[in-house]
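Pasting a structure here, questions to come.
Which chain is which? They are A, B and C, in the order written, and residues in each are numbered from 1.
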Amino acid sequence: MTFTGSVQYSMDLIGIFAFALSGAFLAVRKDFDVFGTIILAEVAGLGGGLFRDLVLGVKPVAFTDPGYYSAPVIAALIVFFSSRIHRHARLSDVFDTCDMAALALFGVTGTVKSLGHGFGTVPAVTLGLASAVGGGVLSSVLAIQVPALFQWTRDLYLLPALTGAVLVAVFRLAGVLNGGTAMAAAVCAIGLRLISMYFGWHTPRAYV
Amino acid sequence: MTFTGSVQYSMDLIGIFAFALSGAFLAVRKDFDVFGTIILAEVAGLGGGLFRDLVLGVKPVAFTDPGYYSAPVIAALIVFFSSRIHRHARLSDVFDTCDMAALALFGVTGTVKSLGHGFGTVPAVTLGLASAVGGGVLSSVLAIQVPALFQWTRDLYLLPALTGAVLVAVFRLAGVLNGGTAMAAAVCAIGLRLISMYFGWHTPRAYV
Amino acid sequence: MTFTGSVQYSMDLIGIFAFALSGAFLAVRKDFDVFGTIILAEVAGLGGGLFRDLVLGVKPVAFTDPGYYSAPVIAALIVFFSSRIHRHARLSDVFDTCDMAALALFGVTGTVKSLGHGFGTVPAVTLGLASAVGGGVLSSVLAIQVPALFQWTRDLYLLPALTGAVLVAVFRLAGVLNGGTAMAAAVCAIGLRLISMYFGWHTPRAYV
């Protein structure tokens, strides 16, 4: 099963744009120049999918589609030239919502793509997760900052994406994976994230 | 020449587990949450082999075998939930021994695998070394910490692994590479590390 | 179109050596040991091309040619054992000139290679740029230092390489890409860098 091309493509573009915004905000906060901001936005938007495609052994979509490539540039320029506005305004809520949706979408679509290339259930879920969080982790490391994902002070971040990816794998094993159920998995992932933010849930830290 | 499957597989599992322990200890020391600890253990355990397989152009074993994938999860959970114990206890000796053995094993098996894919002697030794140290370097960088490997204050670390990898290449050129001689190369590598630790040898630093 | 083998090979070796010097200087400044210095030189010299080849899906040249592999080792040993000299002398001008030429060369040759593997104009330019700056970025990150490339305080760095890569793409679209015009693109890139250094131009930073 695959999504119809246009649905997959739109979801990918939205996700890439949302992650790229996140990378661009980090770059501006680190006082990078305009090229550094574009690079960090590209890495944040496309890094996860690039890693997934290298492991799958397919030509990375990041380098084949002009839309995938342009979305981070646009995100970077918006953030870069609006920095006078957003340093005072409270855009973080809008931004968090985008990032959350992107994470859920990428976890789901990455798992679907990996299953479609003959990977087993657990590897496909892992690769789906890696494509979801990879861009954020890579862009943090390039900016020499510990990825927020790893820190226990963060709200639930990986768990919702994991939930979406696992649901996709379960639907596949049950033979009911299609565009509708995949979308439902993404909605569940977003819902879990929203609930966890509302209640302020955290993942456990080691007792140290 | 290849090892018999089960010997190779057991050595790989032990090595992955030892490296994963190292990544998990780093994660707990950095106060990562449980997912961050699992991710760092996976990267430390599988990162070197993943890099090797991407360069070799083969499907990464990290994503094909459930054992390879599960070993770091188990290592992460053990370290994470025992942190109350090991922060006071002196487990570092046990741990150092595991890490040392893993480094020697990976240097040897990575070189053997690279030679088997038609790489020349020097590239195969390089790739063997990269598979041995890659996981540790990658997990350090993800945790924003200069890899210990690079620092002159560290005891001999790369040299023993290099010795093992070079011995494998020499055995191959001499036509005597087999499971036994490969194991002998790993034992030499471990021996050199033990001797260097006993005498407190260090690699030279630049005169600055 | 390709360059004649020997021209391409010589340009590659010069570029790799220049980048490797840069990585080795960073390693010595960070007080790495001799192996750490060699590793950082290898990453700085070969990292960009390795990334390009992994994305292109071809066997990385870094692991196939003994010259490519040896150049960084020589660069590392020179820097390492001469550190008593260059910490007092002003070698940075020589070094900057090498690095600048290498950046322009790699931007041009990386774009040519990517176009030759059927990549579109924009992806090929991106990949050419990535092969030019990749080694420097990777070696900085391994040494836990924000890549200078990203920072607005740096002189124009990416723009000259981008100019060279775009010129190659334009020449190709106009059907006039050959060894001579590719070299002209590299010369333009170096010229722009020299002019920008003379006038002290900087890329814009966000208004923060």
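The criterion applied here is as follows: a residue touches a chain if its C-beta (ideal position, glycine included) is under 8 Å from a C-beta of that chain, and two chains touch if they have at least 3 such contacts.
Just so we're clear, the structure is a prediction, and the values are computed from it rather than from any experiment.
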The C-alpha superposition of subunit A onto subunit B, two copies of one sequence, needs a rotation in degrees (nearest 5) of 120
Chain copies touching (subunit B, subunit C) - same or different residues, decided at half shared = different
Could you give the separation in Å between the centres of subunit B and subunit C, each centre being the mean of its C-alpha atoms?
-> 30
Listing for subunit C: what residues touch at least two other chains?
-> 54, 57, 141, 144
The subunit C residues in contact with subunit B across the complex are 27-28, 30-37, 39-40, 50, 54, 57, 59-60, 63-64, 66, 69, 79-81, 83-84, 87, 141-144
Touching residues (chain side subunit B, partner subunit C) in the complex = 54-55, 57, 119-120, 122-123, 126-127, 137, 141, 144-147, 149-152, 154, 157-159, 202-208
